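What follows is a pair of complexes built around chain A, which joins chain B in one and chain C in the other.
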Partner chain A sequence: MELNNLYQSLNLILPEIVLSISLVVLVLADLIFHKDKRLIPYIAGIGIAITGAFVINQFNVSGFGFQSSTQTMRNYGLIAVDSFGVFFKLIVIASSILIVFFSSSSGEINKIKGRIGEYYALIYGMILGMFFMIIATDLILIYLSLELLSLSSYVLAGFTKLRDRNSEASLKYLLYGAVSSGIMLFGISIIYGITGSTNLYIINSLIQGPHINLFTLSFSVILILVGIGYKISSAPFHFWTPDVYEGAPITITAFLSVASKAAGFALLIRFVKTTFVSYIDAEGVWALINVFDWQSILIAISILTMTLGNFSALWQNNLKRMLAYSSIAHAGYILLGLVVFTNQGLLAILIYFVFYLLMNLGAFLVVMLIANKTNSEEIDDYDGLGYTSPLIGVSFAIFLISLTGLPPTAGFIGKLYLFIALVDAKMIVVAVIALLNSVVSLYYYVRVLKHMYLTKATDYTPQIIPSFGNKILLLILVIPILVFGIYFEPIINLAKNSLVILGL
Partner chain B sequence: MLQVGLAHFLVVSAILFSLGIYGIITRKNAVMVLMGLELILNAANINFVAFSKYGNLGINGQIVALFVIILAAAEAAIALAIVLNVYKTFANVNVDEINNLKD
Partner chain C sequence: MMGFPILTFITFLPVLGMILILFLKKEQTNTIKYTTLIITALQVVLAIILLANYNYSAAGVYEEKSFQFIEKFRWIEISGISWLGTVKIDYFLGVDGLSMPMVLLTALISFIATISSWNINHSLKGYFALFLLLDTGMMGVFVALDFFLFYIFWELMLLPMYFLIGIWGGPRKEYAAIKFFIYTLFGSIFILLVMIGLYFSATETLADGTKVFTFNILQLMNSSNYTSDGLLSPLNPNNLRFIAYLALFVGFAIKIPMFPFHTWLPDAHVEAPTPISVILAGVLLKMGTYGILRISYPIFPDITRDLMWWIALFGMINIIYGAFVALAQKDFKKLIAYSSVSHMGYVLLGMASLTTAGVNGAIFQMFNHGTITAMLFLIVGVVYDRTHTRGIDDFGGLATQMPAYTGFVTVAFFAAIGLPGMSGFISEALVFVGAFGVESIRILTILSTLGILLGAGYMLWTLQRIFFGPLNGKWSSLKDLEFREYAMLIPLSIIIIFLGVYPSAMLDIMNTSVNSLVNFLHTNFTATTISGF
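Let's turn to the complex of A and B:
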């Protein structure tokens, strides 16, 4: 009986098992081909692609895994596989594959060819951590997967060791990350004391009862929020973001800004939804249990995050640092989808993440291609580039316009759905603040375009001709942004099919 | 005779937690910051073990504490490697002085 249960649970984590096997294969391949490492990127890419196939295969599977036999409520286990999780796993997989392609043409990564096997192995560690973060429904598994993700990314942030800033980024990431996850663990221990369990579903049913000390519960939830808020780099836990994003190798920066943030959001949504929502009514409105006022705290965090992000980005001259602040601002926008506590808001978050993946990775790809040639990310080195390298210039313009959220790009559709969700929930003031923030963001995005197009190219302006593979990569990212800006039906349908979060 | 109860353990863990936070905020040496971090993790461990013993919650909390101890070891290994790397580049491990990345 128990063995049968375990066997079924193993079926639910097939993608994670496949990923772990590929990790072992990758490490072995690194040892076998220690003289010539040309094959390693292909092996890494293929492993991720196979995992992706298993994830897609999981789309219609749902269920709880690893149930405990001693608990009174034995139905709920350590993990929950549902279409919401599969959607976020697909986002992680898509960005990982793109990062493998980025890495193979990045100048920084090509300088450390001898250690490329370890580099990909650590990326695998990050993916594994994210996968478990997305499906975890037990506070201990949440903590363990968060640490697995963090430990791999601390090392990767300083992996290249080419410049001073690499090790500085790594140290800062480590100190901020370790402290916030330690604080989160203390919060978990208090919740365990109050409810006697670490399972989110059991905590949910217990805090609906009358015998809960509200002050202690709120205190521990805020401590847990520190750990999650650090992962999604929301204010006031965002101080590490600009330094780490600027100091880390650019492929890792891109990966942290999309995949790690997606996993953090999946964790936050699942944590809030399974622990603090008592039921969902027919119109898709989530009814919160009256123990902790998530709505006002999240509204405050979200407005603070986007305002701080946007206003700090205005003065940045380093493109990586500017994109870091822009990614903080985007975390603020995405949080707005959660504060409305409706299925519609969740739908908006899912749609936004697909478009955010395309446009943010695209922007980082362009910055990387330029840095490969000029070895700099300073905005002054972008003068006149639009004339000497038209393909780079035009695609960067499209990515930045999409990040601002102007039509006819996909970014506009993403923002539109978020604002519709806000207006439908009668939060007009919040929607107006978010809209004004978008106007502010226009300034610093267009400032880059000004440098590229309104400054005449001189003889010293480098000409950047991407290789054939990079041209294809650019087009893969640019064309969907334009197409989804007009024909976004497929993404909406995909997101609509991914709204199921297993709950009570 | 004084009976040692749950409250005693919680007070000890709260003191440890506060000392950890204090150490992290005031210490400039990266290694000392990491030691403050260990205090936080161990405060949580004391909580887990005390709750599982006095709350009759079975053995769950103690197993969690074991997990945390292992994780703390892994984290310390990575953290010291990173600090060593920083020392090689900057020739010191003072958190305030390692500040090239700034606006």
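Let's turn to the complex of A and C:
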């Protein structure tokens, strides 16, 4: 029985196993080819692609893994594999593959060719951490996976050591991360003290019982939220974001802003849903266990997050910093999908992440290509670029318009579904605030277009001609944004089939 | 004509042209210009074909089967699961008497604006590509009958307009462009919210009998389609229809632009290049009033009846405020911009009357204002091209130097004043006849007539300051009109005079639909029709 369970569990974490094997292969390859490291990116990319194939293969699999011997007959375990998790793993895989491509043409990363093996090994560490975050249903595993992700990203944030900013980013990230994970661990220990368990499913059934001290439980939940809030950079735990995003190599910034955020959201959603939802009615509305006023707190956090993000972005002259604030604002929008506590809201989050992946990575790719040439991310250096580099200019315009959420781009569909979820839950005022926020965001996104197009090109305006590979990469990101803006059926269907979170 | 998707062609032809242009080289300036000219000319031809096949006795408005040139097929269909109903969105185009005049106007003004764009002198490729994209957005708004599709077209225009003002505009173009963009986006978020609210309030019964939520504008006009607990359902005693109506109205009013949301207009007009001013005044402003007639009115007849006095009040404020501010202008283009504010007030006043004469007058005024103001902006463009100034006091005595030009100016000015024999007279008269007949807004109507007087004042005074009196010595070498300018001004003058003499040509197109709309507004969503089932 025990062995059988173990075998089944290993089957469930096949993607993680494959990823770990690829990591070993990568490290070995790095040792063997230590003179010529041209092959390393290919090996890294192939490893991620194979892992991706195993993830896709899991699409209709569901089950609990690593159930302890006394619990085998009951419905929970250390991990839960379900279509929700697979969906988020695919988001992580897709952004990882794109980041490998980004890295191979990034000027910054090419300057550290000698250490490229470690770079990819650390990225693998991040992916592994995210994968476990997405499937973990036990507080200890949640904590460990969060730390695995964080430790790898601390190093990567300062990896290039080209500028002082790199070290600053790394250190700030580490300090904030250490404090918030300490707080989170404290919260976990309190929960364990109250319930005697670290398993979310057991906690769920226990807190529905009568003998729980609600105040202590709420307190511990808030402490855990600090840790997760830090990962998704929601206010008021977002202060590290602009500095880290500005200082880190741009590939890592892009990766943090999409994949790490996706994993953080997956964790938050799974944590809230498995621990605090007692049942889901026929309309898809989640009934929360009466512990703690989730809705008001999360509404406050999401509105605060998007408003702070948008208003701070207005004053930024550094594109990376601006995109950092914009990604904070987007975290606020995405949180709106959770605060309604309905399946409709969850659907909106999944849809949003697909589009967010495309448009945000696209924006970072453009900033990277420009920085490769000009060595600058200042908005003044974008003057007239739209004329000298048409492909870059038009793609950037489409990414930014999509980030604003205007039709006919995919960003509009993502926002539309969020607002549909809000209106369906009759939260009109919140919807109005969020919509007004997107008007504010228009100003700073369009400000970039203003510099690129409304200022004439001069003789000093650099001409950026992307390599053939980068052109393909740009088109891979631009075309779906336009196509899904008009024909979004496939993405909705994908998201609709990915709503299963085991346990309820 | 059956089977040929003429509305799709007339809407997406410009996009086709845009793609063609993107494949041309930057240096092929003439090819780019002629491609655009041919595309917009084809659009005019298609519009004439539409008119030739138009059935004058079909009403449309709320009845799908009497819409004409219908194209309808399923665009998005997402099968439902337990808690999520089927999602379906239709690609649904069609015209009736409300939209037909606007389709004709859009085709005509786009063509004229293309000719007017001939002397755009830099970044031609980008200019004409954006221009054509804008054209598609405008045409799409007037033919879409699905709210979602309508919204996409509505928003599609923002970005091209931003660039067209921002890149090819005057000295303060950046400010004007972003102001336009933020203002209109601010308006459209309200439209979006109401759209989502309506979606969850009404269902459409499909052929197989299932009920699904709908964006179909015509289905939303049917009070029996509303669910009992929808946010915007009249059956729900706690419904938010009143607030939704105001939100939607603000969204459209910004585009009109209605006082106090008009402040973007003078900036946009003054900074925009001439052809874009022509498009802006000629077509874009009409989208606001068209949206009210097509969406706000028939979906919310109950609120419309309650608020008609307020709409008339804002109409009156627009008329008088716009006229007074125009009177004080020293910049020729700004004067025309404020006269636009004043003239769009007549449209609001006519609409507010909820009578056949008033609404007919309003739509006719929309068309006439489109042609007349387009002509006025072209006129400003002509003199600005030659002198690079627009200060009214910088001129004087141009009549002797440019007699042909002065002739056209006189036609346009008199039409704007509303002189009998010109199209503007008929529409303003109809508006006043309609509005005066309604007791509750009679006082407002009487006050609004002051606008005619003021209009005559600022127009004639301008005419005098620019064209009469002694010739300013600086301008003694100005050339009169050239061929391209004749090509723009003659067709517009002919239309203005023709419709002044024979207004039935346009009124007959809209009359059946307007009758049906007015009747619908007075008899639907009343206490009896709502509680009656």
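Following the convention adopted for this analysis, the second predicted complex is superposed on the first by the 497 of 504 C-alpha atoms of A that agree within 3 Å, B and C clash if a C-alpha of one lies under 4 Å from a C-alpha of the other, contacts with A are read in each partner's own complex, and residues count from 1 in each chain.
Keep in mind that, in the parts below, a contact is a pair of C-beta atoms (placed from the backbone, for glycine too) under 8 Å apart; a residue touches a chain by one contact, two chains touch by 3 or more.
Here the structure is a predicted model, which is why all the values come from computation and not from measurement.
Asker: Using the superposition on chain A described above, determine whether A:Asp164 touches chain B (first), chain C (second), both, or neither.
Answerer: first
Asker: Is A:Val25 touching the first partner chain B, the second partner chain C, both, or neither of them?
Answerer: neither
Asker: Regarding the shared-chain residue A:Ile50, is it in contact with chain B (first), chain C (second), both, or neither?
Answerer: neither
Asker: Which holds for A:Phe419: it touches chain B only (first), chain C only (second), both, or neither?
Answerer: The answer is second: A:Phe419 touches chain C but not chain B.
Asker: According to the stated criteria, A:Leu454 is in contact with first (chain B), second (chain C), both, or neither; which is it?
Answerer: second
Asker: Touch check for A:Leu206: first (chain B), second (chain C), both, or neither?
Answerer: neither
Asker: Which positions of chain C touch chain A when the two form their complex?
Answerer: Interface residues on chain C, with respect to chain A: 75-78, 81-84, 87, 123, 151-152, 155-156, 158-159, 162-163, 166-167, 173-174, 177-178, 181-182, 185-186, 189, 192-193, 196-197, 199-200, 231, 240.
Asker: Would you tell me which residues of chain A are touching chain C in their complex?
Answerer: Interface residues on chain A, with respect to chain C: 282-284, 343-344, 347, 387, 397, 401, 406-408, 412, 416, 419-420, 423-424, 426, 428, 431-432, 435-436, 438-439, 442-443, 446, 449-450, 453-454, 487-489, 492-493, 496.
Asker: Which positions of chain B touch chain A when the two form their complex?
Answerer: Against chain A, chain B makes touches at 13, 17, 20, 24, 30, 33-34, 37, 40-41, 43-45, 47-48, 51-52, 55, 57-58, 60-61, 64, 67-68, 71, 74-75, 78-79, 81-83, 85-86, 88-90, 95, 98-103.
Asker: Going by the contact rule set out above, which residues of chain A touch chain B in the complex?
Answerer: My answer: residues 70, 140, 144, 147, 151, 154-155, 158, 161, 164-165, 167-172, 174-175, 178-179, 182-183, 185-186, 188-190, 192-193, 196-198, 242-243, 246-247, 312, 315-316, 321.
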